[in-house]
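There are two complexes below, and they share subunit A, which is joined by subunit B in the first and by subunit C in the second.
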Partner chain A sequence: MATKQQSQNAITLKGSAKLVMDYLNFGINSILFQRGIYPPESFKTEEHFGLSILVSTDSKIQQFLQPVLNQMKDWLLEQKIQKMSMVISNVNTKEVMERWDFKLQYEGSGDSNPDSVGNKELTTIQKEIRDVLRQICSTVSFLPLLDCPCAFDLQIYTKPDVDVPQEWSETAPSYIANSQELQLRSFSTSLHRMDTVVSYKADF
Partner chain B sequence: MSQFSYVNDLKSAVRMDEPITSGPAPRWMKKSVESTSSSANTSRKTNELMPIKKTPSKTPNKSKSPASRSASNTPAKPKTPGGDRFIPSRMSTNFDISHFKMNQENENLDLSPTQSDYRKAMSENLHGCDINNVRVLSYQNKAPAPPDGYQNALKVVYSQSKTPMNVRGATRYIPHAPDRILDAPEIVDDYYLNLIDWSFSNILAVALGTSVYLWNADTGAIDQLLDLEGADYVTSLSWVPNGNLLGVGTALGPVQLWDASQTKRLRIMNSHSSRVGAMSWNSHILTTGCRNGQLVHNDVRQREHIVGTIQSHTQEVCGLKWSTDGRYLASGGNDNLLNVYSGLPGQATYQSEPIYSFSQHQAAVKALDWCPWQTNVLASGGGTADRTIRFWNCNNGQCINSVNANSQVCAILWSKTYRELVSAHGFANNQLTIWKYPSLTKVAELTGHTNRILNLAMSPDGSTVLSAGADETLRMWKCFLPDPNKKKEHEKRSSRPTMLGPGLR
Partner chain C sequence: MNKSKDNDQTFVIKILDDLRSNNNRTKSSGMRYDTSMMSSNDSLLLSNKRRRSCSPDLQESILTPITSPWESRRIKQELINARAEIASLQERNKTLFNLKKESDILFEKEKSALEHNINKSKLTIDQLDNRLKEIRYEKSNLKEENDNLMKKLESLMEENRSYTSNLEKENKELEDKLTSVTLELTKYQNESASRNCTDYELNELKKTLRSNEKYIEELTSNLRKKQIEINTLENDQVKMNTANQRIKCLENELASLQESAMVVNAQREKLKRFNSMENELISLREEVAIYRNDVKQTEILENKVATLESKLNKHELIEKEAMQLRSSLAVSEDRLKTWIDVCREVCENVTETQCYPEYLRYYVDNLKKKDLLLVNEKGELQTSIARLELKLKQMEAMLLKAREQLIIGTNNNNKNELTIKRLKKQNYIITWERNDLRELLDSFQKEVTVIGNMNGEDTRIEVLEKAINGYKLRMNQIETDPSMYVPIDNNKRWIDEKNLLLKEKEELINKYKQLEAKCIDLNDQIDHRALKGDFNLKETKVLHFKMNPASEGFNHYQNELAKAKQEIEKLKERIKAMQEGISMNLTQVVDNRVETNASQEVEGLKEKLKSQEIQNQRLREVFKKSSQEFRESVYTLLGFKVDGLQNNMYRLTSQFAFHEEDNLMFQLNEGSMNLLETPFSKTIEEMIALHLGQQRSIPVLLSSLTIDLFSKQSMIMTADSTRLESAIN
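On to the complex of A and B.
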């Protein structure tokens, strides 16, 4: 009876990776909308994690995001990712205005065994993710206005021994001059732990 | 003669519009000479591999000399199979990365162990990881830029990108935790009762079951004022506006009058036969409302205290408030009615029938308060089925505004310090909400009570709001602390000598 109960509550490594990638996908889309990077009319409302989330309808954005997230998922299963940075920069001057860091930690057993399972209930994980997504939406109340045309890029911090596909290239990390940092809530799937931090340009 | 030739040489040397005849030959001339002297075998091979290039066609030639013209006509044959020099494509070169890589290679030279450790720690702090132990990768196909001419729509939300300093200073700090929590064991959890009141002399009266306790906010001393006997219990309390008299309503109907300074009961007024849930003072008149919907005006100075009776509610009166100027009386009942009456018995304006009877609320109207700076404006709040706060102009009987509070409204108080009001609520958050008036935007929500809030009272200085909850706690919230700058200004103004001189009292 106990084993049956455990298997019901268990979350697999693949399931955990999917949750993390879903969070990143909806988190990035929420940031793009909340920070006004793209016009609001290019977003549609979808229900995820018990929340109404605004997702971009721009095919070019989706064509950029999907391969990145798919590749990330593979690296995540191999435990090769340390963090992902979403860098928002001024289109004209290339100055970095804002950086969202999604930091990953691998919990449970240290190996990348595909059969490893977590012990956290899905509803609990979804509630935690919902809380972080809510917090992302509420950051608009204190983050400074991005009053210049901005673009975004995703930078993946991986371990040195990662196999890099042809479409990927090595790049320099992005800094923000005079930055202030805010740690948002974390969530854990019991296999992966995700910390979200936003750094923004503070005019002193 | 020789001097002329010297002058001519000098002139020709400084003239800028003639071709240079002496000095090293131009590069394209050298190349053409080299190419003609090279073997035919090599040139044939090269011609098979790639088309012949005339270097002068690439190198701008501004010289108009015959020599240059003839040279440009001769076909240039490359010296080596590679052709002209290699010019790299700069479009595909990422100079930022190159610079970063070059610096990274050279940065650790001649560093002491301490410096390298410091650098490593700094790097880890900046990047959240050891940058030498990670690869930073990005997808080569970049995300699209926003459409041309697109302006961030959030500009509307922000009036300007930087908040002006004067505005920044204007937003006051409201503590979201209570300043003090007092126990209120056995406080009766009944929406229709009014069990707390804060006096002019800073004494808080609290009804706990059959007893009334007085808490001195200055000294912290607690005294029991009275204890009812039998099945009776306290149902309402009300201090006379500028004194130590306390009206005590009971479940059996009699209203008691107590002098708190002497802990002495002055009289009992048998105005009602059912419980008195609401009371309000207008000078020496104590108006009481009871369970059967009746209102009674009691003149506490007279032996025959009943000076007027009003029967306009069909169910229990749970809210009762005289306006600050004494012109209007508002009563709210369990029949969902809000009635407004004019004047006192004996006055020319007095009417025993309500001048306005508002039926817009969809639940019992307990929460009532008159605006201190607009004495004709009344705020009222409805119970669970209504959940709205409405604002009324009692000069013309119009509903000025309304706001959905999303939960049962248990009490309302206007601030004496700011153009704001505070409302107390029940399920689900049991919170106090501070509203700006007249915009009705939420200033703050103060949570902490674990059960619905029953009543609110305000300190005499207007800085502190006390909430009594069904969780048997009294919580003090310093939500209307005066602005220190305004306070200083006020003190300066009051300390200024008057024109009338010090002798006049």
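On to the complex of A and C.
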């Protein structure tokens, strides 16, 4: 009986990584929709974490997001990732307009043991993720309007000893001159802790 | 005036009076001569004579009263000066005379020139008059002609008008007739249907009509002729206009000629006046000469007066000097008297006769010598004093040093005494301790001896011995350690150290607090930076997927931009072409232009071309080098220099050839080599016949040729060498 309860409450490292990746996937999709980077017609609603989330149906975006998130998941299991930045920049001038930082912290035991288990309930984790996603949606109310053709890029901040696959390359970090930041809520899977920060160009 | 003279001043005044009288005389004489002057030159000469006549008077007047030689000398000098002046004046006179002559010559020349001019102008006037007359005559003729032509024209015009009006009238009448005839004809035709007899009439009428038509034709031809005539008349009118214009031009010329005639008249009048003007000029010149003479005389006199005045001033100055000297003489005499008195007072044993400045000087000299001696003595004494003072100072310094040494010595002494006392005390303490320890030892030894063979005693003894050794060591330490000498102020030091340590502790605590605050601050900053997106560059790698939407977007944008630019260029070219008016094949033309205008492409191609050229050049160089090498190697290996010529020709020159012209020519013709005839080939016809004719092999020919040439040359060489050897021997 005791063991059963233990198994119910437990969350494996892989499960935690999957949760984090799901969060990132939906977060990125909803940002793309909310910030109007792609036309709203190309989004469809899906039910996740008890929320109806708009996910892009654009095949190009999916072709880009899937390999990136899969690679990130691998790196996450190896504890190589420090943070992930979603950079929204002006296509014409290459100026960075907005940056969404997803900072990762590794909780639990320090080593990357694949058998390590967390003790947080899935429902609470999902609730936390839901809250953050809701907050992302609500940021539209104060973020400045993007009145130029924009595109986005995902920059992953890893440890220097990471193996770089062929399709990947190193890039320069992007900064916003005269930026303002807002820290959103954070959630934790008891193995990974995710902080979300949005930086945007101040109007004045 | 001559003999009785008491004063210098009066004498000078008299001289002056004399001069004035002379002056007046000369002036009056000059005037006289002016009136009777014949020419300027004569008058000058006369005046000179007069002056000479005057000069002996002056000399007499000046010489007679002279008593001093100085004045006589002065006057002689004056005389000489005056003579020099006279000579200069004569010279001037001559020059003036010459000038006058020259001016006369010039005047005559001018006169002749002017007369010549007048003659010329007269001639021109005559010519112009003749021309004027001709022109007038022409003008009148032309006018008459013109009038006649005008009249003719008018008459012709009137005639024409009347004629044309008549013709027109006739024409109208005829036309009326024609219409009436035609009307009649129609009537007759109508009637002819019914009546045949009318045919005849009709024919007649037709004939009349024809005759009428002929008449009309004639009239029209006449009209044409008349019109031609009118045209000729119009031409005549145009000619007349031109003639009128010419008349006007001629009139203008006439006016100008009249003006020139006026000018000539004016010049004539001027010429008439010329003679009178000449006369006036002569008279004026004479007057000028007279005035010049006068001016010269007055100048001379003024000069003389000025010299005399300067003399007078000098004399006055001399007088003043004399007065001053007299007064100074009196003063000096007084001084002399006082000096004599002084001398008498100073030198008591001196009589008045001996009272001379020499004696006084001698006395003063003696005094000076004595003074010098005294001064020398004083100097010597001062130097000795200075020396003594120096010695004194040295001695004092020595004394001070000695005292210092003494003080140091006493101090050392005191210190030593103190140390001795301390050491004695220590010694006392140590001896006391030693005695104590000895006593202890003795007691232990006694105990040992008393206890004797008790169990475990050995170990105890050993322990005690160790303790003793320890004590001994300690004693040594005490004896050697200098820090043990002052064990009194230990407590104080301890307290100081404690205080110091406490202070340090406080400082450290403060520092710790500051650092903590700093740490917190820095942590905050790091947090803020992290929020801003900062990270540790050393420990992070920023990666991204190569094919991300942003870079795709950028590339897409760049492509679109390039395309748009290209299109703009095309359109611009199109507009230009349209402005230039090209309508055929517009798009093709535009494309061509854009291609030619694509400067980037052109530049790229140019660069490529350049690089290609450079490559070509390098290849050429390499080829040249290699071919040269090849040829050289062929030359050395086969003994023939091979030159490739045009038309697939090859020239072979042997290494051993005697002359450069000794060569063979081959031509490559469809894969086979043909030997061409050369002057050299003629000489080896045998060889050619053998090797080419029979053996059919060029290499054999060449090799035999080489051997042949080599043997020939080596023979010559050997012959040369033998000759040389024999010569040496």
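Rule of thumb we're sticking to: the second predicted complex is superposed on the first by the 204 of 204 C-alpha atoms of A that agree within 3 Å, B and C clash if a C-alpha of one lies under 4 Å from a C-alpha of the other, contacts with A are read in each partner's own complex, and residues count from 1 in each chain.
Just so it is clear, a residue touches a chain if its C-beta (ideal position, glycine included) is under 8 Å from a C-beta of that chain, and two chains touch if they have at least 3 such contacts.
Just so it is clear, the structure is predicted and the values come from calculations on it, not from any experiment.
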| item | value |
| --- | --- |
| Simultaneous placement of subunit C and subunit B on subunit A, clash or fit | clash |
| First (subunit B), second (subunit C), both or neither touched by A:82 | both |
| First, second, both or neither for A:146, with subunit B first and subunit C second | first |
| Touching partner for A:199 - first (subunit B), second (subunit C), both, neither | second |
| Touched partner set for A:131, first subunit B, second subunit C, both or neither | neither |
| Which superposed partner A:36 touches (first subunit B, second subunit C, both, neither) | first |
| Which of subunit B and subunit C A:156 touches, first, second, both or neither | both |
| Superposition clash, subunit C against subunit B - the stretch among 239-247, 545-553 or 581-589 that is involved | 545-553 |
| On subunit A, positions contacted by subunit B and by subunit C | 60-61, 64, 67-68, 82-83, 91, 101, 103, 149, 151-160, 162, 164, 167-173, 175, 197 |
| In the complex, subunit B residues that touch subunit A | 94, 96-97, 100, 126-129, 131, 133-147, 150, 152-155, 157-158, 161-162 |
| Subunit A residues within the subunit C interface of the complex | 60-61, 64, 67-68, 82-83, 85, 87, 89, 91-92, 94, 99, 101, 103, 149, 151-160, 162, 164, 167-176, 179, 181, 183, 197, 199 |
| Residues of subunit C that touch subunit A when the two form their complex | 530-533, 535, 538-554, 556-557 |
| Contact set on subunit A toward subunit B in their complex | 35-40, 58, 60-61, 63-65, 67-68, 71, 82-83, 91, 101, 103, 140, 144-147, 149-160, 162, 164, 167-173, 175, 197, 203 |
